[in-house]
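The next part holds the structures, each set out as structure tokens.
Each of the next two complexes has chain A plus one more chain, namely chain B in the first and chain C in the second.
On to the complex of A and B.
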């Protein structure tokens, strides 16, 4: 068979199917990257972007479909090392450099130049080679700088050089700008243009539409594991990409939610000018009794940081808070005692004690009642757990079951239950349904709405747009740490939220 | 000036201050004989600590070194008591004890991904039992104290030109060679990489399992080498020899700036740490304080050093975030203006 060796397609994926025991994550997806182009891959959380990347880089296998890279057909399963040897390089989101080593050592790790016939590293030559690479791309780096002493943006540059020195022809950048300043982003863009001019392809993944718009030669849009569209340069606009990402789901779910009037209710939490340098700035809002206040925005917009500060986990620098009409300085201890609850973002890491029983998990946040003198009243603890299990319908309803062995949905119900058995006035909920099946999701939605009806105020942070539109009475949109939009008493759609979060403001938003 | 350099200067300064203080109380401290003896003691701990440093750079720990010393010296004693083999033949065989113990540790740690602490603690228990089993017994079955009279074996622990102990020379050679190896060879840099960020190391094509295995073998070998010198110097060996030595070794390594988190540290630091510890122990004796205080002091040194390390890191982190916040504030002020 003759293979066209210098075709202008570098990477070609055809009919890719992937399922993680059961649910199909990628369904017959076609995807291709041309030589020397910047190709963006976009889609909502759960659209299948990261799975596709993992397959291409060899971090996971695929069930079926063909991948041809540089004229070579790749097997169903291959290692990251194999992908790297072919020229597929990833600039990782969590950086994969070795602290304590210099820039040059990191660039040439495991490819160090040696003195002939020895295993002794020729440091002089290594530093010269590193300097040559740095000069060629004009990066602000020195070969002898320690990785620990340079900025995150510079570390990214080291990763890029590491990939280049390994002769990468496809560079995958997954949210590379999430922790960069404005000037650093501009520098990265220039570098991407240089890479392009050298014939290197860049596969760019970002939630930031303006970046996708500014950089891309083509854009592939995924939705619910399926290929929606491949946009050519002249078709790309932020509004169009958002429209394609969300698709017809609005009509299907019919969640044109009318946010109701909330005036006239008693204020529970009044926030004025809250600022935490580098995280969020000048946040002011009032939360009312029985209100569900949604907070939307892209990952990294300061949502999680804001609720953590409000609950008292992290300190803030400026601003004031009033709780139930009185001045309030949040601390976790005071929050719990005063009827404030918190459901954290990462269930497995922050939410549950996986190796403990349901009883202990529910009991641990209620020790003020269960063990007022330090000794846990185990009968009461069990009773409380039974109450909690009944309230949220945990399956199996066995208080001695280890929480680590429950499904994700039931784990989250346990987290919910430990707060529901308390007398709450206010609860912060961060991403309550990540990785949870639809049935459990619906149940959790029911509990959140029920809380509001009982007069509990809820602050809900979510990247799941239908979740925000369905549950919230009012939605604040954060962008780069500031509130840039408030939706109330209007028809709210996922598309509106995403547009606002991406910074595309328009006239017809007024309602 | 890097933190490492500062640390070393502080240690050296402390050593000078302590030496002056001890000399004021007991001038015998500064005698050549005492100083040579002190360096020899530093070397006995230091030889083991060289191997241990590599283990700690990979973020591991080796609790079996003391027991390796015990078994090695028991094997030596058996050769001396029951065979007429020349030293040049049986010492290399004896050193295999450490190599095998290290290979055993390394195998279970890398192959079955078991925690280093548990594996080496198990090895320690097995080996301390083995030392008792193979100890030379009298006709009643009691462990016998054998006095070593083999001249060529006693050579190891003896003094040479200027009264310098051969142990000290061996320590310096081993230390310098290992330091050069760590800093200049591929394998050396892989040892750091395996400890600092094993995932990244693997992604860069480094066989971290092989590295970790090798490091435990080296640690065992160093302990065996030390056993030869210690038993030779003492002219005898008991099955309890070296048990508990872990503490002195850990203290030397930690004092030298190698952290439990792995990925940093070097042999220069360990060498200074070993001398510092020997000075403290020697000083306690010279000051006329009960030697039973030594373990208390050593434990204290380990804890205090680790606390200081954590503080130093915290302060450095705080300064770094403060600088970053200032930069971010400037960046966010720009578009507003």
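On to the complex of A and C.
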């Protein structure tokens, strides 16, 4: 009911439950945002942050629980448009702006000022209104700039103005700094303070602890779909947040991983001073035979860029690589011919041929063997597909099944299979188990360990911390494109990885 | 859902048989040699063109320059033989090479400069028509010699017109290249998912380049056969044929977004369209109604290929990524 006086709580979520056909992703979560506060929402991948945001913005519905926004109870299911009309705005990176239009046109999209009694846009007035907004916040923008011609940071500012002109009272920023430079981040922080002083609430989501620490009035920590804690300003510290995010999982299960000694094995890949400007810098390491080298770090720390360069997809600017003891200049073609494999992140976008059969998907990486003189040996191709299916246990085990119709786990198994049927010496694996059910996950872990036991070297990039600690023999932590920590021959925990990735380095890490 | 490799072609073949049976019942004139030979010519021409044009289509592009290039090829081969006195075999070879080079040029702009194929080949259609006008002085030229050249289109072997054999050879070669060779696999992979193809060591640019080159070469062959059969060449000789070829491809199961297709299917598609139009003629349906029927058939075929008329089949193209929580 709207009779109550204006409380200082803007958004109140109580007992939110959400499950996607089975697994519960949000379990009885309470969450609230006060007027004019910066509230951070933190948790590991899969903790339920994105789902909670989606529910609040109307992108998805909830199974049960109440949401009250600005004194108004919201129905179980509502549209994004409805949420927007209430004053809930999301600042997307660049997605929601129309590239060919100007700053002013984007700010007032579908809310353009019109000439009286017509449907004709008053362009002059629109530009004046845009300029007023820009002046009020002192943003480095011009109403007539094309979105095409401005930086990502400026686009974010346009998003913010768009939200402000729509009278937003809650602004949700999901990883807003992941593609910003340091000075741009500082500018964004200033803007967040301005918004706060105007009574606008900011819901801030970031993996970067120092940002959460610097900005937040309160922090809500989620873990495995449950509310863990709400920290008040004076309780917030990066180390404490990390402790809460990880919880006692490792201590309880006692799965501290002792990374074994890897000395004395033959080096497979020797990387020296590898640099790609703006992506990673001065990367040096040696990968040994049969070793699983984990690469940890936050999203945007340069992990994916590094393995892409090592496989030969993207060029690098400086440094040298030796493969099997010889100087090596990677290219995708040469890598494949020389026993190097690559499993990309985002299998649907980068890994599979959805409209084609399992046979074709496995065949396409093995054309050098299947068609040495240009003509594909069909029987051999089928045999290879059957071998692959058997190796990784694809369901259904039908080589003519379209890969796009398989479950995520089975799709990933097919991507794995096309490399397993080759004679590999080295494989790069990027986020192998995102969006995959537990059973398939375990199977894929088994295959990765089995590869290492057969003497294949593995470089594993993962945001899934237990995955990294469990599979790796050694872990490098990247931060802002540089290796800032190496874990070897020690007890490794998720907490240690996350602390290092967040830049909290301590003397006693070498326990 | 289980999918046998030949299912698409078999399904088309069955539909075709039903169509033939129906036409035979409706008109006793349908299944006569004189009637069928009317139908056959357009099928041969479209089949030859489709055997090349399918490649750009499968990579996710399109070649709309077919009509202009086919007509230009006829004009060129006539010019080489009858103006410059070049031996007819060499003249044909030269013409096919020129067709391939023009295709390569289209492919270069599509692959390297990343201009949408639709725009590039539409421009090519326009300027090639202009070149054809210039070379032919805008006239319709009759080709009366040399004899062996005229025999290509008009001669018969085992009582069947020669173009049938040429078309069958082209279709079989093209189908073999598409389905049985590494190149064909790469074309399919690029059309299905360019990024994944790249990570599997395929260079999508060179695959595109070669696809448009094949399209250009096959179109030149088609133009030469057309010139020989009709014994006349002019710039508008094959105008609009690209749409007929695209129709055959769509009906034959070639995906409008790439990654999937069959030359044999396209041939069956061409036969089907030719039969339908022939049937309409036999039933004395006035010509203005024909395009309405053909257009409807395209829509029906598209719906069928995308699985809308088949009960319960997931459309793998529209499935979107499940966002992680």
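Operating definition for what follows: the second predicted complex is superposed on the first by the 502 of 511 C-alpha atoms of A that agree within 3 Å, B and C clash if a C-alpha of one lies under 4 Å from a C-alpha of the other, contacts with A are read in each partner's own complex, and residues count from 1 in each chain.
In the analysis below, a contact is a pair of C-beta atoms (placed from the backbone, for glycine too) under 8 Å apart; a residue touches a chain by one contact, two chains touch by 3 or more.
Keep in mind the model is a prediction, meaning the values are calculated, not measured.
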item: Room on chain A for both chain B and chain C (clash or fit); value: clash
item: Which of chain B and chain C A:112 touches, first, second, both or neither; value: first
item: Dominant contact partner of chain A by residue count, chain C or chain B; value: C
item: Which of chain B and chain C A:332 touches, first, second, both or neither; value: second
item: Contacts of A:438 with chain B and chain C, given as first, second, both or neither; value: neither
item: Which superposed partner A:101 touches (first chain B, second chain C, both, neither); value: first
item: First, second, both or neither for A:363, with chain B first and chain C second; value: second
item: Touched partner set for A:48, first chain B, second chain C, both or neither; value: second
item: Touched partner set for A:348, first chain B, second chain C, both or neither; value: second
item: Which of chain B and chain C A:405 touches, first, second, both or neither; value: second
item: Chain C collision site on chain B, chosen from 187-195, 241-249 or 295-303, when both complexes are overlaid on chain A; value: 295-303
item: Residues of chain B defined as touching chain A within the complex; value: 184-187, 189-190, 192-193, 196-197, 199-201, 203-206, 263-264, 324-325, 327-329, 331-332, 334-335
item: List of chain A residues in touch with chain C within their complex; value: 20, 25, 45-51, 225, 311, 313, 332-333, 335-337, 342, 344, 346, 348-357, 360, 363-365, 367, 370-371, 374-376, 378, 398, 400-402, 404-405, 408, 418, 434-435
item: Of all residues in chain A, those that touch chain B in their complex; value: 80-81, 84, 96-101, 105, 109-110, 112, 114, 119-121, 123, 181-183, 277-278, 281, 480-481
item: Chain C to chain A touching residues, read off their complex; value: 1-5, 180-186, 188-189, 192-193, 195-203, 255, 259-260, 314, 316-317, 319, 321-325
